[in-house]
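Every chain is named by a letter (A, B, C and D) in the order it is written, and numbering of its residues begins at 1.
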Amino acid sequence: MTIAVLLFARYGEVAGASAIEVEVPSGATLAQVWEAVQVRVPGLRGENKPLLARDRTYARPDQVVGPGDEIAAFPPVSGG
Amino acid sequence: MTIAVLLFARYGEVAGASAIEVEVPSGATLAQVWEAVQVRVPGLRGENKPLLARDRTYARPDQVVGPGDEIAAFPPVSGG
Amino acid sequence: MPGLYRILDRPLDLDEAVRAVAGPDRGAIATFLGIGRDHNAGRKVLRLEYQAYPAMAERMMREIGDEVAERFGTPHVALVHRIGPVGVGEISVIVAVASAHRREAMAGCAQAIERLKAVVPIWKKEYFQGGAAWIEGPAGIGPFGGSWSNKPL
Amino acid sequence: MPGLYRILDRPLDLDEAVRAVAGPDRGAIATFLGIGRDHNAGRKVLRLEYQAYPAMAERMMREIGDEVAERFGTPHVALVHRIGPVGVGEISVIVAVASAHRREAMAGCAQAIERLKAVVPIWKKEYFQGGAAWIEGPAGIGPFGGSWSNKPL
């Protein structure tokens, strides 16, 4: 299945895009989605602990993703 | 000597005046000034622990007052 | 000398207090607003009236600013208190403290309002249904812990 | 449902945040302002730029408001964060918490800004003389303590 991953801040800048699509097998976890992103974006290969979100909620990397889920990955936040 | 004592909040209301003059002997303390106020204003006779100030600074009752000092007496504060 | 310390007989302006403490080297401003509340001690409050000993109050507020500066490292403090009638929903007091970082600003703001309530010569009178009453702080509060003892300041 | 939770790409308005939390039964409002600071980590900062994941950020800000309501007993919370360019001296974030009494308002305000900085998906980029850099929070902060572990939320 195709999963679109939203990228923010430095991740988006490194990827040169605010979202990137990856192909993952059905039943894939967020960790697998992130690995697929890293394959597509060499500049993110050193990033092994991104914050991950599914449907606008923080999600652990072992969560399974489904088609249509809103997936996002980003570095530690720095608002304020 | 004549000492003017500023009265605030309930004390002023009880006295019906924002200041009251009392006669005290030279070398009198703030405690003696307050006793003289209580003689003049019967409604204040139950008030045995007023806050006292001399020249806009909190002062202890054993402080000696002099002519021209700005003396004030008032109940516990409640600003905010 | 930085800082704003005022007793005013007109509506208070939060933006003015914030502007008085703000500056390019300060990333944090904490403020506290005291506001006329419609109830107290089980009574419906209609309005408040504040009285102050203005000259001493402004002196004490400046002293509180100095305490905040010493303890939290920032001299950028505003303390403004209204006197006269204050309606329900109207601002009676504004504290604003600015600092490079947020912890000092928030801790300084908290200390300033606690000290103001304990030592600044201002009194509140509550008008409620059926009467009015001066509010007086607890006996244990005040410059000498509220007593005539010789406890140091 | 009370509360104001917004990501905005325009200058922030403190009075608007205060009005959003104020009400006749609340005698205390605590606010915190984050402001673009002219220095950081020994560098002269020229301006900031904030990016957010707006939909999730507003959701997380509402969640922080719920946490404050549960812990401090007041649902009257405003969290507003600006995105896009923020100049030195301009407001980047406003927190306002209203309560009947001051302690809950101040503690709720402090908790809200701490939580916002830890979990709300917003990032700051600093433009300084000679370059620019994304600021990233410490690794130990975040919804899971910043790690991929199974530590509960």
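Note that a residue touches a chain if its C-beta (ideal position, glycine included) is under 8 Å from a C-beta of that chain, and two chains touch if they have at least 3 such contacts.
The model shown is predicted, which means the values in this text are computed figures rather than measured ones.
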Any chain that touches subunit D and subunit A: none
Chain of greatest Cα-centre distance to subunit D: B
CA centroid of subunit B to CA centroid of subunit D, Å: 49
Centroid spacing, where centroids are CA-atom means, of subunit B and subunit C in whole angstrom: 24
Where subunit A and subunit B are represented by their mean Cα positions, the distance between them in whole Å: 73
Per-residue overlap in subunit C, given as positions that touch at least 2 other chains: 34, 102, 113
Multi-chain contact sites of subunit B, meaning residues that touch two or more partners: 80
Contacting chain pairs - touch in the sense defined above: A-D, B-C, C-D
Complex interface listing, subunit D residues touching subunit C: 14-15, 18, 22-39, 88-89, 100, 102, 105-106, 109-110, 113
Subunit C to subunit B touching residues, read off their complex: 34, 50-53, 55-57, 59, 81, 92-93, 113, 116-125, 134-139, 141-144, 146-148, 150, 153
Partner subunit D, residues of subunit A touching it in the complex: 6, 8-10, 12-13, 31, 49, 51, 53, 56-58, 60-62, 72, 74-80
